[in-house]
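The letters A, B, C and D name the chains in turn, as written, and every chain counts its residues from 1.
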Amino acid sequence: MSPALQSYVATLLVYLAVNSIACWGLNLQFGVGGVMNFAFILYQSIGAYITAVLTLPRAAPGVPETYILGWHLPWPLPLAGAAVSGALLALAVGSFALRPRRRDFQATVMLVVSIIAATLVTSEQGWFNGGQGLFAIPQPFSGRLNLGISGYDWFFLGLVAVFAAVVLFFTDRLTGSPWGRRLRAMRDNAEAAESLGTGVRTESLKVYVIGGAIAAVSGGLLVEFIGAWSPAAWGTGETFIFFVAIIVGGLGNNFGAFFGALLVLGVFLELPTFLPTIGSSNTEESVQAAAIGVLILIFLWWRPQGVFPERKHALSRFMPAAAPEPAPGPSQPGTTLSVSDLSRDFGGVRAVDKVSFELLPGTATGLIGPNGAGKSTALKLIAGALKPAAGQVVVGAVNVAGWAPHKVSRLGVIRTFQHTSEFARLTVLENLLAAAPGQPGDSFGGSLLGRRHWRPRQRELLAQAAALLADFQLTELADEYAGRLSGGQRRLVEIMRALMAQPKILLLDEPMAGVNPTLRLTIEEHLRRLRDGGLTMLMVEHELSSVERVCDSVIVMAQGRVLATGTMAELRSNKEVVDAYLVG
Amino acid sequence: MPTSLAEEGIRATLTVEGLAAGYGDTPTITDVDLTVHRGEIVTVLGPNGAGKSTLLKAVLGVIRPMAGSVLLGDRDLAALRSDQICRLSVGYVPQVRDTFPRLTVLENLEMGGYTLPRKAVKARVEAVMELYPQLKRLAARQGGHLSGGERKMVALARAMMISPALLVLDEPTAGLAPQPAATLLNDYIATLAGTGVSLLMVEQRAKEAMSISDRAYVMAGGRVVLHDRADAVLARPDLGEVFLGRTGPG
Amino acid sequence: MQFASRRRLYFWATLVAASALATGCSSSTATSGGGSQSSTSGNYSVTAAVLHAFTGQNAFFGLNAANACKAAAHQVNAAGGVMGHQLTCQVFDTKGDPADAVPVTNRMLVSASHLVMVVGPDGNDIPSVLPLLEQAKVPEMNTVGDPRYDKQTSPDFWRLTPSDSTQAPALAYYAIHKGFTKIVEVYTSDLSAQTTTGPFRTTFSRLGGTIVKSLTISPDQASYQTEVANALAAHPQAIVGEMDARTAATFLSEMKQQKGSLIPFVVTQRATQGDWAPAVLPAIGAASMGSDIFAVAPALSSTGPAIAGFQQAMTAVKANPFQLKNPIVAATYDGVIAFALAMDAAKSTAPSAYVEDIAKVARPSSGATVVHTYAEGVAALAAGKAIQYVGASGLMAFDPYNTANRPYAVWTFNPDAHSWVMGTALPPDAGQ
Amino acid sequence: MSQIVLSLGFGLVTASILAMGAVGFTLQFGVTNLFNLAFGESMTVSAFAAYIAHNDLHSNMWLAMAAGGLAGMVLSLMISRLIYLPFLRRGTAQFAMVMVTVAVSIIGKNVLSAMSGSGFYSYQLPPERPVHVLGMVFSPRQLVIIGLAAASLLGLHALFRYSRLGKAMRATSDDAGLARSVGIPTTHLISAAWLLSGLLAGLAGVALAMDLGTFDFNMGGNFLLIIVAAAVFGSVGEPYGAIAGALVIGIASELAAIVNPELKNVVAFGILVLVLLLRPEGLISGRVQMRAEVAA
């Protein structure tokens, strides 16, 4: 190879590595965490700018160039600065852009932020020299190495490869850890994740910040290689190229993201320039760009999961094979739940009207009543999914009325959903593991410490999960995606998931709906055992035979109020209750 | 006025035979037979989860039957969408989401007459308003800002816009206080039968519903477990058990 | 699983086939400089790479430069080529993005056979591209205005038009000269506008003018009504500044609508770029375009064999008519010819050998034969004489930092001919 | 003071154009729950259609605008039927739908660029004598644009308030299942909403091209974001909110130009960010309809 060819090859590989790093960052945010970062290019750019101004010496007087800092730091400090700046910017932007619940709203806000930033950087000449940008940024060690024309490019490729390897290692660790599982669960169903103790906004912000830092590092490396950076290098549209890359490559799969970077940035954007010219240069470029659009449509239609779909985390092989331990009881005894004067109205209608009751540990209470009586609403009010208009919800000694659902659930108040709410792209086993609290790897820091740090605890949990699966006769489906199960099976997954969450107070919203009679008995058996183990349980259920078999006492609600309380037998002879059902 | 089957004088307005339906691949209801004759009020009773709503949805074309037939007169409804079924003179009052929340009461009624010729709508609105005089006062209110009873009345009036041959009501009194529920059943629904419309109603308030019904079907576990004249059904001593914990009558 | 892996196989197969196709085609990208193809067999042709944005907002840079290069190659080839080698122009699109430009440049260095010179890049790309060219020791010619290059020392950097730091004084000089002592300054907040405003202010007030209002406007807005009203409220005699094509079209049409007519607009050479007149002319009408817009741009020889040769060559390569009278296009054309003459003078096409001669062939010196076309230059060199090439863009004397500081002229637009016409030439040191 | 009044007038012109666009954008969101980022391309196509009608076929400018509106309708219906609906029926996820619209936008923009070249187009309208109204200055054409915007928004209001079609569209947007049960053919109504949104895109596109003086293939894409901003500002799916958003953003950016024209965008978008900070779902927090119902 001639030196020029070597340079070219090395350059392409450097770009591939840099873009892969960026794609891994975006994949972490969007593919794993579900955060639709339409400001992505902004983070690459802030990294590039900060690296530049930390590398450059202070702007010399008389030279028509102005920029902040100019600290002239030795390598690799500028890159560290870039990572910090990317993280800080993401923290600032994410703290408000992640406020709307709808992800496309979040995306719009980020797009807007990206445009505001581009306008400001272009017009504020004092920051990064405005529209002209920065140039003559020295390459790391370039003065001290004598490697010849292409030699330096290979050297730099080596540097970038090290960074890429570190980022890959790092993102793989995060994705594969219990924390990564929590993020994927949040991506699949934010509401359910919240009910299991995930602070959706906080976790989204974390993954946004980490992705921002990674993007910034990619920008820093790029600017160190090319030696110049200006607003022309980061048009808002470039964000979409990264999105195309990870969607085509495969969301949630780091190899897919790498492949997407190769395909879209490497092959697709480089390859057309080798094609023979057709028409004017402008027409040709337009046709190529339009072809990218068609490529996106084709992929979204025929292969929405990408070339390399998200890897299935098949964990069943780690489950203990024989002699499952007895099903888990709650690790601590239950807690008293007392509700007083709980009220909530919707558009003038009192859905829940001054409801009061107290549930003791070791008891199971049924909550029944005709449709529209306010049972599910009451459950949601207790769990924090709805904010009560008045009243108290005391868990142990803490009034949690008005708390966010994930905070309530961290006190051990675990709720199941009336409509199934499985994490569709997690396996059944992962659904169970995602709910278990107290995992050492279930935090950013913990996930970084690696498998050895969190595997012992995961083994315990796997054993628990194995026992549950065996009980519910779902062992065969442990590695199946929860989204592929039938309605009844999904219901079971949800119940098992709630049991894995070590509840102290379990709130069940129609757990028997869509479950066949045999399995109902299994569920009932479990619930009874949990109750006997000291758990506090409240169950909304239409299947009154199940209520009778599981619950010690039953609360009847009608029109938002508590109508009566007693055992099922007592209620059956209570005229008022029968009338509530028969008359209303 | 569309030619309604009622006017054609076909005896059985609705005939359901061997119907199975549900969500996904498992049927929620199986082997349901049911008829509604002209001018008759037929009520389907049963505890929650018995499959009553599923039955109605299958009749109305919201979900496709898995087996069996649904005949309106001699017309098979099984392959039709709900807007097409409406055009065959079937009115529907859903249990929840029964009015267009951001349309006014007047507009709700007009939408009820969507399938009527344009010119006929105004006269028909007036006629329906005469039927339910309280609606005049509410005409300009938005559907979402009504009380439960008012909303149900609007939904009923809206369904009456097309002078349906068959009117399907899904738990019309659910969520209503006893007084408005009684008014709704006795003053509004009961009187409809006299106008020649056939009614198929799902209801939880068995006693009151029976008092205005001609016949009743009791469903449990996705099947019809009891079928008789309304007064006979109400007289069954074991009715309470059907609702509160047993899966079938003794 | 079987199914998935088979699909994957298809995918890779397609990919491999596509890349094979691409490599197969890559040899056929060179476009000829047009004109006579009299290369003797066994003799290779040399390449001038046009490295510019051909897409996006700055695509007109590339289109101008490509035609200038082709026209120059046409002239060179008509006169027998460079030392017998045909000169061909090959296009490389930087997309106007300094990051995208780097791999493109590297590819250019690999794929252009016998690369002897680079035409371009433009202001956006040059910061990232120049180091690569220096490293590869390939000389380039550009028309960027960035004053950061005023004292640059690379032997491979050749700026064919003056720096913005001399354009701004010329702008100020002309405004004062025209009697506009009370002006409003308007710039769009983009790249080259920012480099002009500082030097302009200094010179303009030194010459006794008053800037009654200074506006920096953001490009691509739906309306500039308030900005226009603001400018007009100061009752200036003229507007001075720089705007990109789109912004100028909207700004000026709104001014015309508010005031009923335009006040004179003294604008930088940006106006003479290819996209400006087509955008602005229909927006403000021919009459205003002809009488109220004054562009201060490098001067062009108005007559003589140089301009005739230039225009004839441009016509031969089917250039857009406005390019025939465009000072930037002419300067680029002259640059390619000067580089070719330098090769002849150095008797080598090796860049490292001929860079020294680029300044020499264009430098005014006593005893040098003034030549106006490539053919004349080759003949004079063959006769053993020193030459001074004075081409279509006039005198091109490079300063010690390889910038050709040229005199400016005032250009006005002739709507009938649909082109800019050079008017009063400004003194060479206008405003300095 | 007089300058503020003057700028208010200028802002009104921009706001009129924005309002047509934002209402068109929000309308199809309200009925289909789709965040259509290819909306800008409908505007550009319409501007070109009007160009052909006016400059090549020598029709009257206002007729040409009608032609632009028609083009917008046809395009909008075609895109929805051929691309969006099939994807929606498949149950494509929300984020993926946004990418679908991005892809359509990329294709549209580049096909336009290939067809139109990189040149600029202009309707070449003759200059007019400005009109002074209450201290504001307008050209007669701008008055017509303001009038047109007002008329089309009032027309829309009338359509929604008084016509059967409009009410049925609102009914569909409220509750598509219930709408079907009263005999409303919801798929046709959704098509009608696309047509209407296309019409507004078309009118806004032509008006914008007139106001800009010149336009090119990039026009719609350049202004899409400010239109989306206006729509998001007033809660997407709420036409009256979109009008409010257009007025606020149009006028605020002109007022900002008095102080610092460089930061026009920053001010306009800054307001948006502020609104979203205080009310994450926009000014009028609308309820969000399930897209599945529409697709069914």
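Just so it is clear, a contact is a pair of C-beta atoms (placed from the backbone, for glycine too) under 8 Å apart; a residue touches a chain by one contact, two chains touch by 3 or more.
Computed from a predicted model, the values in this text were never measured in an experiment.
**Q** Would you mind checking which chain's mean C-alpha position lies nearest the centre of all protein C-alpha atoms?
**A** Answer by centroid distance: D.
**Q** Taking the mean of the CA coordinates per chain, how far is subunit A from subunit C in Å?
**A** Comparing mean C-alpha positions, subunit C is 50 Å from subunit A.
**Q** Can you work out the whole-Å distance between the CA centroids of subunit C and subunit D?
**A** Centre-to-centre distance between subunit C and subunit D: 39 Å.
**Q** With chain centres taken as the means of their Cα atoms, state the distance from subunit B to subunit D in Å.
**A** 42
**Q** I need the residues of subunit B touching at least two other chains; which ones are they?
**A** In subunit B, no residue touches two or more other chains.
**Q** At least two partner chains per residue is the criterion; list those residues in subunit C.
**A** Correct list: 59, 63, 189, 216, 218.
**Q** Can you pull out the residues of subunit D that are in contact with at least two other chains?
**A** In subunit D, 118, 262-263, 265 touch at least two other chains.
**Q** Which of the chains are touching one another, listed as pairs?
**A** Every touching chain pair, ordered by label, is A-B, A-C, A-D, B-D, C-D.
**Q** Contact residues on subunit A for subunit C in the complex?
**A** Listed in rising order, the residues of subunit A that touch subunit C are 2, 4-5, 7-8, 11-12, 15, 63-65, 119, 122-123, 125, 130-136, 149, 222, 225-230, 232-233, 235, 263, 267, 269-271, 273-277, 281-282, 285-286, 307.
**Q** Which residues of subunit B touch subunit A once you look at their complex with the stated criterion?
**A** 23-26, 47-49, 95-96, 144-145, 147-148, 171, 173-178, 181, 204-208, 239-241, 243-247
**Q** Would you pull the subunit B residues touching subunit D in the complex into a rising list?
**A** Of all residues in subunit B, those touching subunit D are 60, 62, 81-83, 86-87, 92, 94, 97-103, 107, 110-112, 114-115, 118, 121, 158-159, 161-162.
**Q** In their shared complex, at which residues does subunit D touch subunit C?
**A** Touching subunit C from subunit D are residues 3, 6-7, 9-11, 13-14, 17-18, 118-124, 126-130, 137, 139, 142, 208, 211-214, 216, 222-223, 226, 253-255, 257-258, 261-265.
**Q** Which residues of subunit A touch subunit B in their complex?
**A** Listed in rising order, the residues are 347-349, 370-372, 486-488, 513, 542-545, 548, 559, 568, 571-572, 577-579, 581-584.
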